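Sharing a structure below in structure tokens format, with a few things to ask.
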Amino acid sequence: MGLDKIGIAKRIAQEVQDGTYINLGIGIPTLVSNFIPDDINVVLQSENGLLGIGPFPEEESIDADLINAGKQTVTTTAGSSLFSSAESFEMIRGGHVHLTILGAMEVSESGDIANWKIPGKMVKGMGGAMDLVASADNIIVAMQHCSRSGDSKLLKVCSLPITGIACVKKVVTDMAVMDVLPEGGFKLLERAPGVSVEEIQQATEGKLIVEGEIPEMQFD
Amino acid sequence: MINKVVANADEAVRDIPDNAVLMLGGFGLCGIPENSIAALLRKGIKGLTCISNNAGVDDFGIGLMLQTKQVKKMISSYVGENAEFERQLLSGELEVDLIPQGTLAERIRAGGAGIPAFFTPAGYGTEVAEGKEVREFNGKMHLLESWLKADFSIVKAWKGDTSGNLIYKGTARNFNPMMAAAGKITIAEVEELVEPGELDPNNIHTPGIYVQRIFQGEQYEKRIEQRTTRIR
Amino acid sequence: MINKVVANADEAVRDIPDNAVLMLGGFGLCGIPENSIAALLRKGIKGLTCISNNAGVDDFGIGLMLQTKQVKKMISSYVGENAEFERQLLSGELEVDLIPQGTLAERIRAGGAGIPAFFTPAGYGTEVAEGKEVREFNGKMHLLESWLKADFSIVKAWKGDTSGNLIYKGTARNFNPMMAAAGKITIAEVEELVEPGELDPNNIHTPGIYVQRIFQGEQYEKRIEQRTTRIR
Amino acid sequence: MGLDKIGIAKRIAQEVQDGTYINLGIGIPTLVSNFIPDDINVVLQSENGLLGIGPFPEEESIDADLINAGKQTVTTTAGSSLFSSAESFEMIRGGHVHLTILGAMEVSESGDIANWKIPGKMVKGMGGAMDLVASADNIIVAMQHCSRSGDSKLLKVCSLPITGIACVKKVVTDMAVMDVLPEGGFKLLERAPGVSVEEIQQATEGKLIVEGEIPEMQFD
């Protein structure tokens, strides 16, 4: 029941608008690029200094000097450009990157996001996430609705150290698509196939706003 | 032009003392100064503060200097993929400043550019904001962040000329250009060292003015962290 | 890639309204967007605020727009070589903000980079400091300066591709790259417009993300202000 | 009596140290480059975006896209680099340019300099001068000792709007070479050939410090 990672990525791909520049985080967000329709022209930015990320290379053309922010070997495409990390975050901070899609450990009903630290347990660092969520106009979170232990990840208030406040605009999980309203609250837009509103309500600790009929997600 | 050539990595790092503040270029293992790191290991200096976006992996890059406990403090944005690092951090052997990647890049750029402080929105409302001046511009809150400078910056480029001009390749550019400008002494190691005039002045990424020492590295392993391919 | 091509200068500037804030690239007459300036003259919009390092000469560059009194305000670092400019300024017809050149460059860069304010030492103790916040860093006094942005930035490059990537030539680069990033809408005119893939990604000066419209200019006069030569 | 412009430029050329990066202002400072000895390796920076200024071009190789900050056509040399105005002032503001040589209308005994504006008369703007004098460790002023009307340009306090405070380290005029002392005052180092200490004293409104014998400038 609910979507797998591929399903989440497919649903998020529907949010991608023609003519935009997009930064994709590690994990599910990276998968999104596989499902963007051919008639939608977008350019993918990698914060380590590449605009126009191409597909993974064939074995014989691997270049150690060409990686994405997840340290995976990639390629350029016709029209790509390469630049420094300072220039890369000029693009991000300056609002030139229109959409950021990233994973999260928790999202609060006021749009706060936590995804960089578990005190005493995990100390990997925030990388570029704090810059990304503080900058892009549109932030979409891709994640599981609940943790492995079954706790809701959509909370009234984040329990983990946050990455940014009041920044998440939309959350797509294995169970639902929700807008985060400016005045607070997760407004339920769509259900995953076979998932009921009650199940979503039960899996959501933060305020869930349900108005009228909630349609199922549509996939081609 | 001014000749900046030194014989090799050992000569380039000869006068770096214990407790120096170093910047080291690279993103992950991409674009790191492999030869200079090896020379720092041979030299065995201790108590270093290393400013670098990442801390290498357990057995390559700055990770090697963590194994030998030459590093007192890391200033980075992301330090995953490194078990020894995590061990030293949790045990308190290693000090760590974690900084948002864009703020790190801009603070280093500011160090080279003579900008002592600037406002950025990244990190507002988070742990990163603790103790920092906050100010609102156009309805959005920002933090005041200060420049970062280094006693020695160590960068890696693809090609360089004897007067210190550098060209990077692919995403191996990353933090190298800003670090080159932010070091009191900047050491550049390159894959190919050429004579002045052989590089197109219009395509220089780091003008020679920022570089005090340059040498051609002996070999580059260029280890790949995530080898990902597609089937033809 | 995203196609940004428009037919010509007139189409590129079609929706620039009266009283718009414009940035125009160039240093002196070097690297100025000649075709777009001609289109602005034809269009006849008024009340413009022009951010540009210089104001052209009497009969070329932005000087032409001063002749037609389309400019309400200039924000520049140096406006010599222009008698009509001086007349309008002294008579009070034209508002002028004079800004130190490095501060101007950095304020524009900050506008594109999302840095609302930064500290710089330039101008401390002078007229330029009036009304500005002063702060000491490392024993040296600095002024707080704010970002500059434009409704439309108009830049000129040597080569560009249809997705907006730009390469400048020689010292015609000057203010163009920062302005390209600081415009809500950025118009780039180029001497040669090519398909994506024809420019080396490693040598792009302005990544296409900053450019919304691009066209190939019809001809470039490239007038020289100080023709200086040596005898062979 | 006293030096001509060429003489001032020749004398300043003696101050240039091997292995340094230098910004030369318009006028006399530009002439200095002609007199730097061959065994002194320096790189000239032009703030409009060129490091490594070459000689003026031959007629047939003039390039409108290659000018110096005085808008004169120039050339590159082997090892030159080209960059934006932002990068150029990063070099200047960041202290990477070691020496700035520029002209002035007035210099005060505390090292203030005025060279950008005559209220009500001249409004050309400061260009890069304010950044340059606020940044370089070493600032040398090249100018005439007195104005055309005979007034001293070496003053107690500048009468014109200043370009920067307490920044000038050395002044070379048609009459003398002087250090500006950190505690204030022009310390007389050398006299132009045939110019007496009394004449220099008379032409200097600011505090002139004369200790011991003052040698004449030496030229090869």
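Assorted remarks:
All chains are identified by letter, namely A, B, C and D, in their written order; residue positions are counted from 1 within each chain.
The rule is short, and it goes like this: contacts are C-beta pairs under 8 Å (C-beta built on N, C-alpha and C of every residue); 3 or more make two chains touch, one makes a residue touch a chain.
Being a predicted model, the structure only gives us computed values, none of them experimental.
Set against the Cα centre of chain B, the chain with the most distant centre is D.
With centres taken as mean Cα positions, chain C sits 36 Å from chain A. Separating the centre of chain A from that of chain D, both taken as means of CA atoms, is a distance of 56 Å. Measuring from the averaged C-alpha position of chain B to that of chain C gives a distance of 33 Å. In chain C, the positions touching at least two other chains are 106, 109, 113-115, 120-121, 169-170, 202.
Contacts with at least two other chains are made by residues 82-83, 89, 92-93, 135 of chain A. Chains touching one another form the pairs A-B, A-C, B-C, B-D, C-D. Looking at the complex, you find that chain B touches chain A at residues 27-31, 53, 76-81, 86, 89-90, 96, 98, 100-106, 108-109, 120-128, 158, 169-178, 205, 222-232. Those residues of chain B that touch chain D in the shared complex are 1-3, 109, 111-115, 161-163, 165, 181, 195-197, 201-202, 204, 207-210.
Within the complex formed with chain C, the chain A residues making contact are 19, 21, 41-43, 45, 51-52, 76-83, 87, 89-97, 135. Residue ranges of chain A in contact with chain B, taken from their complex: 46-50, 55-59, 62-74, 82-86, 88-89, 92-93, 112, 117, 120, 123-131, 134-135, 161-166.
By the touch criterion given at the top, residues 106, 110, 113-121, 135, 137-138, 140, 142, 146, 167-170, 202-203 of chain B touch chain C in their complex.
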